[in-house]
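Each chain carries a letter (A, B and C) given by its place in the written order, and its residues are counted from 1.
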Amino acid sequence: MADRLGLLLRHALLLGGAAVMLAPFVLMLSISLKPPGEIFAPEFRLLPLQWAAVENYTAAFTKVPLLRFLLNGFIVTFCIFVAQAVTALPMAYALAKLRWRGRDTAFLLVLAALLVPPQVPAIPLYIALWQLDLLNTYAAIILPSTISVFGIFLMRQFFRTVPDDLIAAARMDGLGEFAIVWRIMLPTAAPALAAFGCLSFIWNWNEFFWPYIAVQDEHLMTPPLGIAFFSNAEAGTNWGALMAAATVTTAPLAIAFLLASRAFVRGVTMTGIK
Amino acid sequence: MASVDLIGIGKRFGAVDVLRDVTLRIADGEFLAILGPSGCGKSTLLRILAGLEGADRGEVRLGAERVDRLPPKARNLAMVFQSYALYPYMTVRQNIALPLEMRRLSALQRLPLLGRLLPGTQLRRRAIAEDVAAAAEPLQLTHLLDRRPAQLSGGQRQRVALARAMVRHPAAFLMDEPLSNLDARLRTEARAEIMALRQRLGATMLYVTHDQAEAMAMADRIAVMQGGRVLQLAPPQELYDEPASLEVARFVGSPPMNAIPARIGADGRIEAAGVSLPWRSGAAPGTPVTFGVRAEALVPAAQGLPARVERLERLGAEALLHCALPGSGAALVVRLDTAEAGAHPPGTTLRLMPARAVIFDAEGKRLPATRQQGAVTASSEPAYG
Amino acid sequence: MADRSARHPGARAEAVAAWLLALPALLLMWVMLLGPAVAVLLLSFTDWNLGEPEMGWAGIGNYLQLADDPVFWQSLRNTLIYVGVSVPMTVGLGLGAALLVESVGRGRAFYRAAYFLPVASTLLAMALVWEFMFHPTVGFVTQAFRAIGLPTTDWLQNPDTALLALAVIGIWQNLGLAMVLFVAGLQGIPRDLYEALAMDGADGAWERFRRVTWPMLGPALVFVVAIIAIRSFQVFDTVAVLTEGGPNKATEVLLHTMVQEGFRFLRTAYGAAITVVFLVFTLAITVAQTVLLDRRAHYG
């Protein structure tokens, strides 16, 4: 009996917590459906008396190029992930499985780079891109993120768990080192790569700091930048449309997360592997 | 197929001499087992032969060709790993086909999609498919070809590893403890499979194992290794009956050979546990020696070594009497018929007569010895009392 | 090591392949991360402003100027308060949630998804929702305070509450991350330790927590604290979009000051100096983590 009561209590606590965690999402959706008059009604209602979903979402897509923001978001996150994977996988393999002079130094560099927060290189990178006349381009958003030392580290740790015998077998079967990376390591690493892909997607979709610095052109804005721009332009007058835009911006991540929450969570917990 | 020669191989890892001047010559078509405890250097030797590891000294020859400097893929050797090392995301079919693809298709032809369009690819792929089927069939893998390794049992994985090794008809097969991950029943089956494979292919085989029963059952010759050295290289029965040293004697056979502390008596006969045994060795009187007797070579007798029975181990078909010699307290194991064993309950003393024996000097090297007619007598100087 | 690798067959080919495989990543690492990090350090000792033709040596001039700059001190203090509030709350709540989630059989997947969703969502969009949550009349927070009879205010515009309000958003965002990491840590604790404890006569929830869970969670705890601390130090998005450092510098934080100085006022060298301070604090957290882990994590 006491056990059941305890369990009930725990569920009550967890549900209460979940309600708090989810409240902003519910609020966001709710506001995005309401006309201005109802948004500031003293009594909160989940669903509007008078639906304004169409108006709000239409406004979100027409007052700012929201579709363009989303497209930019996909272009940027995709390019960044491909670049990160293409550079990180071979290096991780070389660090984990090959014997070469300089390996230890290279790994130390990776560890050192891991300690540098992404905001630290901002000023010199800005200067360099300005000199190259690349500010306000996709390249300006993408280039600084083309390398992920975290990805290298993660994949190296993963590759170290791949049995040496597998690589020995591949060498005896006639594979060269490059073939081993693409034919043996890449498919073996698929789960780890998927987890890393999820993290890379979260980070780069949500990245605000760098695009905020590097881009002013409305047509190059990524979703977070775009919505900040929208919020500034509306200055808190059109909450319905703003929340509609927020919903649209958050949706790709939230949907991806709900579809692949295992991979997401695995990716996050992998950061804890030593 | 080819002969394999390892000549004067030496290898250090840091401060440890893993291999010290190992020389092994394996004839074309021979099955050689390398037997030794873990850490004796046997796997390193195999990896040096495969080209996965480099030797510090020595030569590796395949047939007439010296291959020390060649990378693994240029040596035409196949290896079955202890872990099987199957590519986990490939089907059985793809696993077996991979070594053929690497050999028979050019880099361009191996490209996904595009490679299929190149002239000749289809033809070669078809030939590969036929060879894969031919390799899978005798190992009863045909119905498993589209599964992945994770969906297979241990025995099936082991057979896939064999198929992948044999599909390209290598100059020699290297096997690194290929059965150690199987349970006892499957191990017997797999042994039979490897033997059948060998019969069919007439292949040269190097088989690394720590299991002496496996080596005894399968090999033409066994090389016993310890501490980076080959202690003895001989056919199984010879190894068992006439071990070259005490180390070999203790490693081969289960239970290991009994080692009884003894010495050469004044009359040249062997004295142990207070009795003089009808064995003679050329060594000078007074020399301490070790008298080695197999458990089944000790028979209860009217005269002989006095032994106190400490414990009886019934193993079904036979029984092991664990005894202690008076004086030195040296442990002694006697293999007896189950029926006979009952006659010697723990606590009693019995006398044992060695039927066959070998004698080692103080360094553990075997001494020539002969059996003599004559009775057991009390030794001139009692070793105990 | 080098001697050995030089000897095995194909060692040269292996080394060449290794360099070729590592080269693109190594180059990018230098160009995008390590090089600029060094450049920031060097820049911080100059007097350069973006666009100026000349660059002069300023020694520690920028740092002296920082020491005299009340905005910088305010910014540093705010950042430390923000970290000091949000780290213990995030870690404590995250641990609590993890223990609760692990103790119930059903609904785990739902709870985990619910708590983790904020981590995966676009913080910037959610910050705008929180702006509404903190609305002085109809916001949920305001209504909740009113409902239990507590005073309310315009949370984000009141200098006394603005920073705390931002910390609440930070806690909300990172809690799920802490929880998921703790769950992984909890699942790494061998079951038989609890069984042994039960055999030894201690099977109450508190005993289990005190004697096994807490000590076994040590390394995970250090790791989570460090991750959350570093993430909290990087607070920027909410400040930039909700308060812009106001009201009256009450929410001015290091990164925001850095962006203002370095990119808005184009005082590049001065911004670089702030970046260096920011980097030093982040490194200090990592060093502390390493030291603590070395001390605590050796349970085997």
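FYI, a contact is a pair of C-beta atoms (placed from the backbone, for glycine too) under 8 Å apart; a residue touches a chain by one contact, two chains touch by 3 or more.
For clarity, every value in this text was computed on a predicted model and none was experimentally measured.
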Determine, using the mean of C-alpha atoms as each chain's centre, which chain is farthest from chain C.
B
B-C compared against A-C, more contacting pairs
A-C
Using the average of all C-alpha atoms in each chain as its centre, how far is it in Å between chain B and chain C?
57
So what's the Cα centroid distance for chain A and chain C, whole Å?
16
Which residues belonging to chain B are in contact with no fewer than two other chains?
51-52, 71-72
Junction residues of chain C - those touching two or more other chains:
4, 8, 11, 13
Residues touching two or more other chains, restricted to chain A: which are they?
176
Name, in rising order, each residue of chain C that touches chain A in their complex.
1-2, 4-5, 8, 11, 13-15, 17-22, 24-26, 28-29, 32-37, 39-40, 43, 50, 93, 97, 100-101, 103-104, 107, 109-126, 128-133, 137-138, 140, 143, 172, 175-177, 180-181, 183-185, 220, 223, 227, 230, 233-234, 236-237, 240-241, 255, 258-259, 262-263, 268, 271-272, 275, 278-279, 282-283, 286
In the complex, go through chain C and note every residue touching chain B.
4, 7-11, 13
For the complex, which residues does chain A have touching chain C?
7, 10-11, 13-14, 17-18, 20-25, 27-28, 31, 39-42, 44, 86-88, 90-91, 93-95, 98-103, 106, 109-110, 112-113, 115-117, 119-128, 130, 143-147, 149, 152, 176-178, 181, 202, 205-206, 208-209, 212-213, 223-225, 227-228, 231, 236, 239, 242-243, 245-247, 249-250, 253-254, 256-258, 261, 264-265, 268-269, 271-272
Across the complex, what residues on chain B touch chain C?
13, 51-56, 68-72
Using the touch definition up top, name the residues of chain B that touch chain A in the complex.
47, 50-52, 71-73, 77-79, 81-90, 98-99, 102-103, 164
